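Both of the next two complexes hold chain A, though its partner changes from chain B to chain C.
Up next is the complex of A and B:
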């Protein structure tokens, strides 16, 4: 419990920092506000890029872009994985066979190549990115939820409640949600972290919305800058987006793990 | 062939009690036992047969002894027949002997009606020896006799003039086991050697079982069942008869005994089945109509509108295989109304599978059918209505949602089945299973309860649906010996008071034999009925023996 609070606090600080960066930091994230490739200073906390745009402002904006894509993906995965998992586990029979086939299909295909192809095919917009990442995120959730539902389904109280005439919604609400919802929530939180990395990967490859401020795009532009490693420009242009990516996904991952073990302990 | 005794529509009515018209006949040399609880009209019947009723009793019908009608006869004529053609030995023997006369004088009084005086001493000695008393006892006064001796002497007076028929009223009620057994042997010998027919009035089923070849069961002035003694004891078909047998300590030396439940409060109109209210299978019809004594096949006469004990749940030729492994093969089982059936077998023999199928929770069996009250069972409906089928699952840990409160869990069935009165029934069911019905307990979470409490809550939940058949799968397997004993007794007493039928599934053969009325063994995917008496018996004959 203490660990969860600590990690959540760290995450909150990160969010506040970037929120401050978006709301109160005087530099603009879109327009040049200084010279090209200025080193960090009191004015430009993390310096500027080759176009003279402030790096900290870009990273702050990128954080909310990444986070919103991550959360939207997680929500989609939560819904798809939850509904399909419960349906397969509860109904059994043909539904189960079909859903299990889909789960295995999405788990077994190599994700990145397909994502790249799909991303290239459907065009570069944030919505498409969300859809593509969500399509590859629901399967593990559905698999877990399905297994859980199946074991619940066999438990005496569900068998009996069904025999007394309890409908599916009643059964889910009264007898299954308490066991399934935490599982769903935790798996979805894990999806958020993964989605941020995947979005950055796609952006790095140029498959994301080119206008949006994204960490992946920043990294791509930086690494594409000829001779970046001959100077020390990379220390304030490349490192900040990479570190914020690592830090935010790491914190999310740690939070998921802590919640998971807390829930398991409680069981 | 002529009958020794023929009774046609004999009926006696007192202001507060009446013996309803009954008919039966008795062959020469036959022994008929009339059994029933106190107040069932046994002694009234005897008074009617022996024409010894009090003033103000209305008597109707006919009693024909060797073709002569007794009831319409003048008392002088009847006196000629008394002792010569038929004799009576009443209950509470010493009270019928004159305390100021020796046995010799009393016996002489009877004998001189049939024998010349010089034959009397020899005849007396002979009679005393026949009934197992010594001729020296003739000089004693009744107060010097033990109960058994008095009973024997009374029998000696009854057979003194060699009648064809002797009526015995509760001959052994004041005797100990050994005395009863030797008295029974005496009656049997007299019946065999002198071919005297007996009508034995008794509430002792054991005595009836030992002596009679036919049995008549009386309840509240009505004949409920009549047939061969062996047949009735083996398979009683009236709920009352079964109740009497289950209540008999003599027939259930080792097993637990349970009396018939006292009358539950029902609105009982005048024209109703006399057993309505105590019966476990009453229909509304039983409250409106009195059943006639009818032959329901194989010579058994039963007074029941439903034709005797009905079969509630029946599985016919059920087969089930998991993959290649055959678990059940052509299994047929019947659960009758108001009985406890045990299904025993070793672990993994398929008991739970069979219980699941019978309970309607396991639908995918390969062959066979389920019947409820003789009709194809719609298990889905039976789970959702009162008087249906309910099951208490083996694992009480997963049978209840751990996050629910006790009240939520127990009131859930009626809530979902939309039967109403959820909370009220839940509380009374909890009280029935011995749990507190207070607010603080009702609001406890299931996960905070102990294993035994969860088991009871599970049972209470099933009881709220007032099932006709309750299936209990290993209800005691997780419990310690004392809780197990308590739970078994609880289940049996609930069964007894609520009148439902119970199928008890267990690997615990010992407990099963203790509480079950019938027992089935599941072995090698087949079902076999065990005769409980073959396995549970005890010999106590030697304890009181001389």
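Up next is the complex of A and C:
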């Protein structure tokens, strides 16, 4: 529990820092506020990019851009994976066969190439990115939830409740949610971390809104700058988005792992 | 065999077939090897093939299409690769036209006579004669190639031809003008024995389509990786190739590859000017203002912008100096509203100059509620310029959505008119004479090809502009022609059929001790794209 609190605290500090960057930091994340490629200074904490736009302001805005895409994806995966997993595990029969087929289908196809093709096909927008990532994130959740529901379904108290005429929603709310919701929540948290990386990957490949303040896009713009590695610009233009990406996904992953362990111990 | 084994076998066969089909994207295109070709010509020149260097390597990585006259991409790098493989009658050097397939030429009135070198052959060993030149004229009349200097339909410039003998042909044009010799000297010659049987050249992509008449053979092309290999053709008679092979290799970072010796020429980033300028081993080719960016307004979709005050408002909204300072890192100049860049001999100093004036822009555009999409290519420069344009237009009160697609996709949409505003960048703005002024601003000549030099204002018409753009062609007196160009520039700057954003200057850097033959022609500054850069001179 102590580990969970520590990681959650670190994550919260990161959120607060970037929230401050968005709300109170005086520089704009969209418009130039300094000269081209200014080094870090008291005025521009992490310097400016080639257009003179403040890097820290962009990183802060990028955090919420990435996080909102991650959370929206996780919510979609939570709902789709949860509903399908419970339905398949509880109903069995043809529903189970169909859902299992869909789960296996989405688990077996190579994700990144299909994401790239879908991203290129549907066009550059954050909503499309969310839909594409969510489409490939619900299957592992549904698989776990389905297995859990199947084992619960056979438990004595559920068989009894069902024999008294309890409907699916009643059974889920009263008897199953206590077991399934933590599993769903932890799996969805893991999706958030993965979605942030996937969104950055798609943005790096040019499949997101081309002017969005996204970490992946910042990395792409910086690495495309001619001769970047022969100058010192990369130290303040490339490192901050890379480190932010690593730190935030690492913290999310650690939190997921800690919650998983805690939940298993508790069981 | 059990069912499971049968399924396994089936899956293995599927996998093998898919791998094989994947391999087919690699086109090892050449019809023949250098040895075979030289053997067939029997000219004995193979013994003389002392090249200056074995290999010249350049940055590849972009698919510029198969280097056939019908399949290359309609941009400089695609055209240049095709022109290594296919030769034209004349070539250009630093000062004027020089022999290429034609050893000599003359003209009188509308008649232009060309005499070919003796012993010319195609890369499969078949002789190249005036029959092939005549065939090519007829074929291009019927099927215009991607790079087309002869015109199409009614505007096809050739009236007739007469073959004098195997070496001499007289071509009669409908009306001789200042560019006729250049146009007749520039179209590439196809082998009649191959193309006479081809009914759809636009899809003809078998290896035969790369049997050319040029100094280099295409001996390797892989579109997916943007790799090309060209090998010196031993049957070439007009001079000696400088390299045995020219390779375009995919690189992740052009400058790192240059530093590591993986490529022999690269473009120099502005921020490293001092580092390379002070290096005595490094040679430079300066390309002053040669790359340029313009913004097209699709007047068919946005007829409101036919009101000139709105176009003036757009100019006022754009901080074009910041494109030069921030995107080009100081190497370039704000675009002249007359289109021809400042460094050109043809530049008119009196063109109208539009300053960055956000207040004026707001007055002109602010209360109109325009919502437009801005199309650009997905290069770093293209997106950065789009961001500056978007910021400027939004500050003036417009709503702008940027759409970035790859360069070929952007060109395709511009040629189809599928855009509101579009940013187009291309090289060749320093061309001398600025012949693109006709193909951009004449109502009769724009969009006759898919090249960016033909991407003029869509849905905009101007008789006076068309008369000047077409009229300069008829003027053979250099000074008078220059004055006509200047008059046209002034009119363009006043009428604003399109928005000129900025010109970028650049340098190519190379190691002088390895190869020093890079050159600019009097008309074109891109050394990597000039054929004479690859010849012993």
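Keep in mind that, in the parts below, the second predicted complex is superposed on the first by the 267 of 267 C-alpha atoms of A that agree within 3 Å, B and C clash if a C-alpha of one lies under 4 Å from a C-alpha of the other, contacts with A are read in each partner's own complex, and residues count from 1 in each chain.
Rule of thumb we're sticking to: contacts are C-beta pairs under 8 Å (C-beta built on N, C-alpha and C of every residue); 3 or more make two chains touch, one makes a residue touch a chain.
Because the structure is predicted, anything quoted here is derived from the model rather than measured.
Once the complexes are laid over each other on chain A, chain B and chain C both fit without any clash. In the superposition on chain A, A:227 contacts chain C only, with no contact to chain B.
Once the two complexes are laid over each other on the shared chain, residue contacts for A:210 go to chain C alone; chain B is not touched. Contacts of A:30 after superposition: chain C is touched, whereas chain B is not reached. Touch criterion met: A:51 reaches chain C, while chain B stays clear of it.
In the superposition on chain A, contact is made by A:124 with chain C only, not with chain B. Set side by side, chain B and chain C differ in how many residues of chain A they touch, and the one touching more is C. Once both complexes are placed on a shared chain A, the shortest Cα to Cα gap between chain B and chain C comes to 21 Å. Once both structures are placed on chain A, no chain A residue is touched by chain B and, in the other complex, by chain C. Listed in rising order, the residues of chain C touching chain A in the complex are 253-256, 259, 267-269, 271-272, 275, 322, 325-327, 329, 376, 378-380, 383-384, 386-388, 390-391, 402-404. Within the complex formed with chain B, the chain A residues making contact are 155-157, 159-161, 163-166, 170, 174-175, 178.
Taken together, the chain B residues at the contact with chain A in this complex read 360-361, 380, 383-384, 391, 393, 395, 398-401, 403-404, 409, 412-413, 416-418, 458, 461, 465.
By the touch criterion given at the top, residues 30-32, 36, 50-52, 123-124, 206, 209-211, 220-221, 224-227, 229-231, 233 of chain A touch chain C in their complex.
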